[in-house]
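There are two complexes below, and they share subunit A, which is joined by subunit B in the first and by subunit C in the second.
Moving on, here comes the complex of A and B:
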């Protein structure tokens, strides 16, 4: 067990160092770029004195190392500055979008896992049949589709027939008319279903191919032959033996892509105008709202590092041999 | 007369290696999937090179009403400015493919050299370089790209550099693993014993050995780069002065083609992107498969978290 704990410790240390590097990179990207926030300012009342005053206000007149120390100190205290647009602290401005994005990502991930595992298992079990070929080609196809384009296609061809909303997160009139909690919940779900379906389909292609090959590998093992010889049913062989053993790569894969899909939501949320973290980033780019952009970038990096760390831990739990 | 002095040439004469073209043909015959992909690619490359000569209309020429429906004169209809979409598609092929190829080549050059140095020299250099790639691997690619693009400004050159800078890590890891294997081979040891310099060994013995893998990876990388180009353009950070497929999707979306019901303004560029990405993936995967069957699965995982060898293949450190 001691080797195990040192493994966990090493992974945790790695995660911490990575967070520190991400914080520093954030500084480099935003502050060491030529010109500062005030030099791009074009306005009639902007005299040199006014710009100088602004620089002093932002702390930009100090030397870069000094600025770095101040920045580090602020970041470690959870202070990311204020949004240029709303003038509210970045942390509180990012909180609501995150809360909006999370359920959507979870729903999308569940859709993709269900689709991917089912089709992947069927394809591996019925190898070289039409079902297998269809799954592989379908997987490659969905893997190749541009995310934002898939989202637009869903709006064009699914939103109409299924009568689903294509923009925003909730119908404001429901709250105004006191329609009740259940109606509001259903309304939220309706707004969520198309973005989540986009995530689901984008990830599906990747998942199904990986489930298939991981299942194929497991099905070739001796213990499957033993299970067959014991007279177990197909269902039992798949669920109790093959799938259990091929879950390892799948579980870690899900965790890792969960981290990255946060970034992917930029494309999806800007299509559906869904007020989550992705749309926030998209709008911050348009508004040149650097503090928000900086906060969001750091936040997403930390989420990914966290997911990586969780995947490592989970992997260790599922297969303690990794420490060797 | 020692063993090392024995002439090396006869081997070549005994088993004459097939010509490049012939080996390409036999590869395509063995992998029908790659053959289909290759044909599609050649078609698109042809369009990208000669497109402007046979495009029916100009890329800025208004030839009809806004969002005009597809007709015999305009098989794919017109966009929000009354521009023929088929012509736009043909002009856009060039930019999209250039960004794809150039981005992949930048990634190959940066990642390839770091991978070779790291794998060949090993030791402290290897450790330091691989740690660095570890950290780069966890950065959220799309967000990093947006941040850098919005700071550096919108131009094709910036997009290419950004794509290269984001995907070099993947290349570096793979190449390093392969170089480590090649380094231990007898002929490298022989060259070392004969006193060949590092540069000579790397260029004469290591690179020729890993070149096919490098090429296969670059092909796969082009697909990714094109994917990223459409994403950057869609977010309004693409080069404003040129037509690309990503930008076509973006303008169709932002000029509300959806409310017009103008599917013809959205569908064609997306299908073109999907076809090209699929073709590159089919060729690249087949090449990778035939070169290194152990990697069969791991490349798929790259889009979302780039290379992280699937656990059952190679346990993480």
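Moving on, here comes the complex of A and C:
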């Protein structure tokens, strides 16, 4: 078959190099910021000697290249230091919010893909009709709405009638009452549906436009006429040929935006008080919790690079012409 | 013999964005015998491709067609898509102009040839694969290459594969729309030879659309010359070449370079008329080198000759 592994290998190497650069930039950025980890300390016992002692503990009295080597070494071992607030290791402090955020943004992305692909296909197939204009303008409208406002509207108008919770991630009484795994699962789902719907609604407009334009391009191709001539139904033409070809730009877009949503949930998670990575970043900024922020930023960068890498792999799988 | 395909007064109109209509095909009629090869010749925009797309029911939504397309005694145009769809590819199939783009780039050649076979319930699974291999062998491609993707084929091979795909459901009529345009001369010759051999072997009737008149006289027994949406002249290629009844046919032949003839290539001055406006008289009259005064005002009458030779022209003699 194709020279697949060399492609995967090259992409992986490229991703690793990018991660390394991101790690290094992360080091530089936090040291370019005015002050250091000890400058924010305000307390009775925070004398110059105490701060000096702390700096020595953190290794901040060493030269920058030395610090860099130590930092690299720690990062490679998954050690991002301890949170200033809880004094727990950053890795374990970040793990729980990530586990909370992931299913929520996955659900949100699935909603947005389903909405975006459906509306995009309808718009392209019924080009220049009311259905086309309606879906495109609807998509643009939702895309332009402020995220937090849309989230508030969902709380105002949907949470009540649908009896959905508007805050937190789970009902604490369920666990207390031993309601069982299924009830807890349903409760979790109820808690994430509104934030996920916000993500879906904000994002789908972008997908609508991309799906529409790439579908229109595909529908104009000769192989679509050939497919029609072969007696395929409209549905078969769309699903087997047109959509398959227009998936290529969509896949890239979805994976790239997955990376960005991961960091972009700050607004949504603040509105819904959802204890995910976004809310964690928001709180860490307020607490000047440098190690947490450093860890979170690095994590976001790695997620975006990873998504890029996955998009490349999937592209390779979807398009037989990609060999380089 | 009873003709396999009869076209009777086929009209096609396109609706233009400014609510005007463009009369692209103006009531053409002809018959196609089983196993016969008919050339459809004319300049760009004369309606030849539109006419054969109408025969497949593949016109864009802005177009409307009228007239009769009688396949084996049934008018398949009468019921629109409903009467057309059952015959697509099974009775009438097509080799498209763009050899490069007739295949979906993300699917294997084999799977695309299989598509109509499975759709028509002729074969499934392993049998369909076997049939695909057979078809590819028929056009001179190794059957084991059916798992290759279009970009792994050369232009000539892709056109061969397109022909194999057109033969997938054993059609009675093959429509070939400029099947050799994008190919170099050597490959062109191979493809034409293949088409002639296949139609002979399979008893397949073929309509070949092209602007290349000499090419038609090599491949086809009969040809129809189209001008401004009408058939200006139809007859055996021999008659068209030696005894043309319409000056346009004669001028088309002399507009093609000939290595052995001493005469130089003569182009036809002017351009075809616009089809979104009504025409008075013979549409070719402004460009004709032997036009009479009557040509500008009155529509040309039908002239007939032996072997179904027909032309619309005011001239009384051979053109």
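In the analysis below, the second predicted complex is superposed on the first by the 308 of 324 C-alpha atoms of A that agree within 3 Å, B and C clash if a C-alpha of one lies under 4 Å from a C-alpha of the other, contacts with A are read in each partner's own complex, and residues count from 1 in each chain.
Please note the rule applied: a residue touches a chain if its C-beta (ideal position, glycine included) is under 8 Å from a C-beta of that chain, and two chains touch if they have at least 3 such contacts.
Everything numeric here is computed off the predicted structure, so don't read it as measured data.
Legend: residue contacts after superposition of the two complexes on their common chain; A:257 is shown touching subunit B, with no touch to subunit C.
Of the two partner chains placed by superposition, A:274 touches none, neither subunit B nor subunit C. When the two structures are aligned on the shared chain, A:241 is found in touch with subunit C, with no touch to subunit B. In the superposed model, A:80 makes contact with neither subunit B nor subunit C. Look at A:320: by the touch rule set out above, it reaches subunit C but stays clear of subunit B.
Annotation for subunit A, partner touching more residues between subunit B and subunit C: B. After overlaying the two complexes on the shared chain, residue contacts for A:312 are found with subunit B alone; subunit C is out of touch. In the superposition on chain A, A:229 makes contact with subunit C only, not with subunit B. Look at A:204: by the touch rule set out above, it reaches neither subunit B nor subunit C. By the touch criterion defined above, A:297 lies against subunit B but remains apart from subunit C after alignment on the C-alpha atoms of chain A. Where the contact sets of subunit A with subunit B and with subunit C meet, they give residues 248, 319, 321. Note for the complex: subunit A touches subunit B at residues 14, 17-18, 21-22, 25, 29-30, 33, 140-141, 143-150, 152-153, 155-156, 166, 203, 206, 209-210, 213-214, 217, 248-249, 252-253, 256-257, 259-264, 266-267, 270-271, 281-282, 285-286, 288, 293, 296-297, 300-301, 304-305, 308, 312, 315, 319, 321-322, 324.
Interface residues of subunit A, counted against subunit C in their complex, comprise 221-223, 225-232, 240-241, 244-245, 248, 318-321.
In the complex of the two chains, the subunit B residues touching subunit A come out as 134-135, 138-144, 146-148, 150-152, 223, 227, 230-231, 234-237, 246, 249, 252-253, 258, 261, 263, 266-267, 269-270, 273-275, 277-278, 281-282, 296-297, 300-301, 303-305, 308, 310-312, 315-316. Only residues 56, 58, 85-86, 88-90, 93-94, 96-98, 101-107, 112, 115-116, 119-120, 149, 151, 165 of subunit C touch subunit A when the two sit together in their complex.
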